[in-house]
Amino acid sequence: MTTDLYIAAAGEVRLFEWAYRQHLPVMLTGPTGCGKTRFVEHMGRLLDRPVLTISCHDDLTSSDLVGRFLVSGGDVVWTDGPLTRAVKSGAICYLDEVVEARHDSLAILHSLTDHRRTLYLDRAGEIVTAPETFMLVCSYNPAYRSSLKELKPSFRQRFVTLAMDYLPPDREAEVIVAETGVDIAVAARLVHCATTIRTADEVFGFEPPSTRVLVAAARLIAAGAHELEAAHACILAPLSSDGALVQGLREIAVASLLTPGGTLE
Amino acid sequence: MTTDLYIAAAGEVRLFEWAYRQHLPVMLTGPTGCGKTRFVEHMGRLLDRPVLTISCHDDLTSSDLVGRFLVSGGDVVWTDGPLTRAVKSGAICYLDEVVEARHDSLAILHSLTDHRRTLYLDRAGEIVTAPETFMLVCSYNPAYRSSLKELKPSFRQRFVTLAMDYLPPDREAEVIVAETGVDIAVAARLVHCATTIRTADEVFGFEPPSTRVLVAAARLIAAGAHELEAAHACILAPLSSDGALVQGLREIAVASLLTPGGTLE
Amino acid sequence: MTTDLYIAAAGEVRLFEWAYRQHLPVMLTGPTGCGKTRFVEHMGRLLDRPVLTISCHDDLTSSDLVGRFLVSGGDVVWTDGPLTRAVKSGAICYLDEVVEARHDSLAILHSLTDHRRTLYLDRAGEIVTAPETFMLVCSYNPAYRSSLKELKPSFRQRFVTLAMDYLPPDREAEVIVAETGVDIAVAARLVHCATTIRTADEVFGFEPPSTRVLVAAARLIAAGAHELEAAHACILAPLSSDGALVQGLREIAVASLLTPGGTLE
Amino acid sequence: MTTDLYIAAAGEVRLFEWAYRQHLPVMLTGPTGCGKTRFVEHMGRLLDRPVLTISCHDDLTSSDLVGRFLVSGGDVVWTDGPLTRAVKSGAICYLDEVVEARHDSLAILHSLTDHRRTLYLDRAGEIVTAPETFMLVCSYNPAYRSSLKELKPSFRQRFVTLAMDYLPPDREAEVIVAETGVDIAVAARLVHCATTIRTADEVFGFEPPSTRVLVAAARLIAAGAHELEAAHACILAPLSSDGALVQGLREIAVASLLTPGGTLE
Amino acid sequence: MTTDLYIAAAGEVRLFEWAYRQHLPVMLTGPTGCGKTRFVEHMGRLLDRPVLTISCHDDLTSSDLVGRFLVSGGDVVWTDGPLTRAVKSGAICYLDEVVEARHDSLAILHSLTDHRRTLYLDRAGEIVTAPETFMLVCSYNPAYRSSLKELKPSFRQRFVTLAMDYLPPDREAEVIVAETGVDIAVAARLVHCATTIRTADEVFGFEPPSTRVLVAAARLIAAGAHELEAAHACILAPLSSDGALVQGLREIAVASLLTPGGTLE
Amino acid sequence: MTTDLYIAAAGEVRLFEWAYRQHLPVMLTGPTGCGKTRFVEHMGRLLDRPVLTISCHDDLTSSDLVGRFLVSGGDVVWTDGPLTRAVKSGAICYLDEVVEARHDSLAILHSLTDHRRTLYLDRAGEIVTAPETFMLVCSYNPAYRSSLKELKPSFRQRFVTLAMDYLPPDREAEVIVAETGVDIAVAARLVHCATTIRTADEVFGFEPPSTRVLVAAARLIAAGAHELEAAHACILAPLSSDGALVQGLREIAVASLLTPGGTLE
């Protein structure tokens, strides 16, 4: 895996490490697919700590995080949830897209994010103090400005915030080449196409294409697809279901793909 | 079964196969009844993989997808859900009408659709990595423009998107003949009737008639029904319950059925 | 029982039978009490298939339809629901007032209404293919135009639609006589009263009186009630609780009951 | 008990009895406290059938009506609900304030209120046909015109409707005397007070005082309370919590209590 | 305990006792903290009946009131709830703040509040008739005029209503002295302060300070707090979190505390 | 730990202690992170009582507070919740952010906050009277003025209210130095930066930075981060996700950090 190519500026690495050393929780913000998950995985390797990922969603209860009673052999036995397991084992616990979680589920995190660094398992009657190596990391995408759900300011203030963004074009093209083996010219054209659309994003108001979709397009190209065909399936079609808009985007894409490195195959 | 007649342009077959080879998930879009389900079944035969279909609905929980604890012999035993079974067996897992699902249920799919290709069964404490042959396919109908439910852009970007549409008239008539044995002239008249209504769709704003309803009408005709009677019961009546509108549609239908191949039986 | 008198024009009987032979599901539409349930019972006798009726309501879950796990002898045992029982036994399964059901519960019907004719019991891990004699019939009343609940067009297109209506006055009076033994003149006066109100329906906006309420009124008359007393209790009083409106209806009723066959008893 | 004094005009008794003989369900309408419950109890004695009363409320599920599975000795055993017990025993089943019930719970009544007279216990897999002596009676108060909840017209048409009202003043005073032993002049004054407020009801828009509250006031008077004190506690205070309005009502009450039979004690 | 000092005018005591003798349920109304709970406790001592208090809240189900099935030794055993225990033991059952309860939970009370005096335990299949000494008492605060929740008029008419209010100033000061031992002048100043705010209540629209908060303030003063400090913490600060408003109230308080008996300590 | 540095003016300590001696519950109000939790911990040490903290959230039921029945060895056994444990052991029970709790869950506290000081465990059939040393403390942040959730006035009147605020700048800087070891000049600059933003708070409408975030920033600085880098990650970035606003704040921060003690490192 070439994951480490995703790593952004050294600044984020340093800040993350300082936060880890100071026992401060971290909040990663940035657009979807800009590499937040890979960054956490990278930091886990760097700090030599396992990363335990929890994908947040509307139905995630605090019991899903901390654990619940289960019947076993006729008795009811407490079973730790992933958060409790991460605290006990001193792992990095990564709550992906934390804004999706039911906000009442997040109250359980309060005592872990301040000077107490403690998890209160009220139902189990247990109190777990986090070891030195435990770290809590959350991520969310603040670009969903219209979302009904917003993290509470008091919650966000509990974290050191690292704002991430797309890779610079050169780095992004390198990642695509390393991940898919396509020619650097192809990668550059795909990045140019994405950058054009990202710039137009404020006008159109849709989620811009991520590095992930460029890699997907490059993979289809590596497998034999035409560039435009791959760009349409991976970059343009997911953006909108409005026919006229897709057609306009297609024209942007055609122009972009033609621009940097000559003719389409 | 004459299913394979439904297969659309070779382009979709190629793109689907490339996505399969590159371990990329696929999203099929297109109007209801244009053949998405049959296309997936066709690709399953072509790639020699079983297809496991899950019909999405509002009440589909992530537990319904991944599994749950059930009591057996006094103990609580984990039981895999259909998604987990599909991942473990390396099947093609087809989530039909994914837009209908509770969107929080879909968060469980994130780690399966990126480079991790992994299913985290938090409640069972199990991590399942998908074998090479596992593929995730979803479908939805973007024509429900007024729908309150929309897939999140970040979700849609996780998939290679294949946009499907109705068959061209000649192919559609061939399918009807192959499926029902009616005369090609009858099939052509039914297709003509449907095409006329589909063209009027933007004005009337209802879901246009699918190939499926034409096959149903042809079956009734094969069984002895009058063309207009069958067209009314299968094509017109389901479109609307507004009497005036149905009457207008009926006039379109009569004209359509009379046009291509002479008089009504 | 004189049920068969309710049977409408032969057209509906023929179309229903053809749909049955062609394995197509049927949707019955029409006003409340026009005889949809009796029609299905009649077709069950004609086709020699048992009819399994499910009254739909807001609280009907897909588990209520297909089955659930129940504890028995300490273990959890799967128990088929009425839909599953109907599929396995090849019966006619009649979903009465399907528009009342939670629409997410209806997704379970999709694979039964297309070429698959298959029921996927995801929770039980079982796949049930319908035998030749299985038929799915639904009914709903499109007159509730103001209803918040509407069947999705894609759902309605899965069915052959048979639009039913009130019996013609002569037939309706015959049914009343056959069911209750009242004099034909009495029956004709009740039908005349109902027809007058049905005509006024578009103005007043209430659900018009059904054949069922005329039969109820005739029964009270046969038991000794005055015509106007019976008409008030069975036809007028249930229409509205607005005193002024009921008084207006009462005048219509008095006039109607007096018109066809002379003086009131 | 002097319950039978509550019985209204003979007309309602006759119609109820005819409906019983003809196996038709009955809907009682009328203001709160006008004697609907007592009327059903009276008819039960007259027809020599037990009355099983179910007070409807928002949380009443169909399981509460028909029954549910309960664990007993390790196994799951079906336990009939009150409706099922009433059907099996051929009792009069009285659903008090049916409009309060969750309307989806009422769908279970459909097959009991038409020619089928059958209860389908889908979950238990049992079908119960009602014996000759079973009768379903519902009540509701249509005066709650502003209520968000309204019975569906198609539901109301399933019943013979008997509209009840307050007793005429003389009868009401007789009831009060018989129930409480107060002097007829006291009773007449209380009735006069209530009648005055009932007449003002359309202006003030509150629920008018019922016979029940007059009996309560008379009881307090019989125990030693002043008439005005009792009238205030039982008749006026429950009407409104708006101080000015209560004061206005108090003046009406004082005037009423003074009018018919001389001075206040 | 000096509880009995709270007892209001003899009128309420007499009416409550008459209602008890006549088996009529009682509804206490009045502002928060005016002594409703203590009045019921006082009447329990006077009538020599235990008082069973149930604090009503949104989540109170009818099962919480009447009982439920619990698993014990492998079997399911019915366990009486507090209402059922109160009925069976002939206690005074006090539903505090009944307007807070889910109104559908209150339907269970209907048969206890009319001539039946009976509790129907549908789920347990048991019918409990209340003994002579059972009495149902409810309380609510009608001052929450803006509340979305209002008791239904038909529910309120089931009760003899006793409207309570704050004690007259002299009595209130006596209570404060008796409860806390502060000087009568201090108590008078606190009452004067509260009375001023209560008078301003209609303008400001907040819940006025109760006797309870005056007692709390007097306790802090007895413990050593300054009068203004105690008045701020117990009387003013809980009224509002609007800084400007609290400042205005503070000025009222300062003026009030200075007025009756000289300078502040 | 240097926790005690957080302690605010002696006034709050005295009032809290008097309330404890007088058995009065206390409500702490003030902005997030101003030291409410640490103040309660400090008072626990001062009064030599253990503090039991419960973080309130939307999903907190009264069962979570008082306890529930759990299955153990086949039987159902009552298990005390944290509130019950606190009452029985005479601890200080601290409900953090009580406004977040479901307000219906709070009704269970009523009998603990008045003269009864009693917890009614209706489901367990137990009544627990609090020992002398039990104290109930709640906290909430009234600055969420726009919140849909507000504590009911009658609830707030049950408590002695102690209004807390940020520390004065000098004290706050001392706390930062004591907690993190940074230079007093650095701490002063961070406090100056925070004070500037707090003053701008009324204009911008976001939650102002707390002492907690200043300590976090100082920790990063102590670990090697630039002041501006640390201030951005801990103070500015969590305030808003509006790019323009963050830029404006950044300018305020730069100016603030430059002002008190010279140049940035």
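Chains: A, B, C, D, E and F, in written order; residue numbering restarts at 1 for each.
Quick note on the criterion: contacts are C-beta pairs under 8 Å (C-beta built on N, C-alpha and C of every residue); 3 or more make two chains touch, one makes a residue touch a chain.
Which chain is which protein? Per UniProt: A, B, C, D, E, F = Denitrification regulatory protein NirQ.
This is a predicted model, so every value here is computed, not measured.
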(request) Can you give the shortest number of steps from subunit D to subunit F, where adjacent chains in the path must touch? (result) 2
(request) Enumerate, in label order, the chains that touch subunit B and subunit D alike. (result) C
(message) Quick check for the class: compute each chain's Cα centroid; which one is farthest from the centroid of subunit C?
(response) F
(request) Compute the distance, rounded to whole Å, between the mean C-alpha positions of subunit B and subunit F. (result) 53
(request) Between subunit A and subunit D, tell me the centre distance in angstrom, where each centre is the average of that chain's C-alpha atoms. (result) 61
(request) Give me the residues of subunit A that touch two or more other chains. (result) 71, 74
(message) Touching residues of subunit B toward subunit A in the complex: what are they?
(response) 11, 14-15, 18-19, 21-22, 24, 27, 29, 61-62, 69, 71, 74-76, 102-108, 110-111, 114-115, 120, 122-123, 125, 142, 145, 152-154, 156-163
(request) Over in the complex, which subunit C residues touch subunit D? Could you list them? (result) 1, 3, 32-33, 37-38, 53-60, 64, 70-74, 81-82, 85, 96-97, 100, 141, 206-207, 209-210, 212-213, 216, 219-220, 222-225, 229, 233-234, 237-239, 241
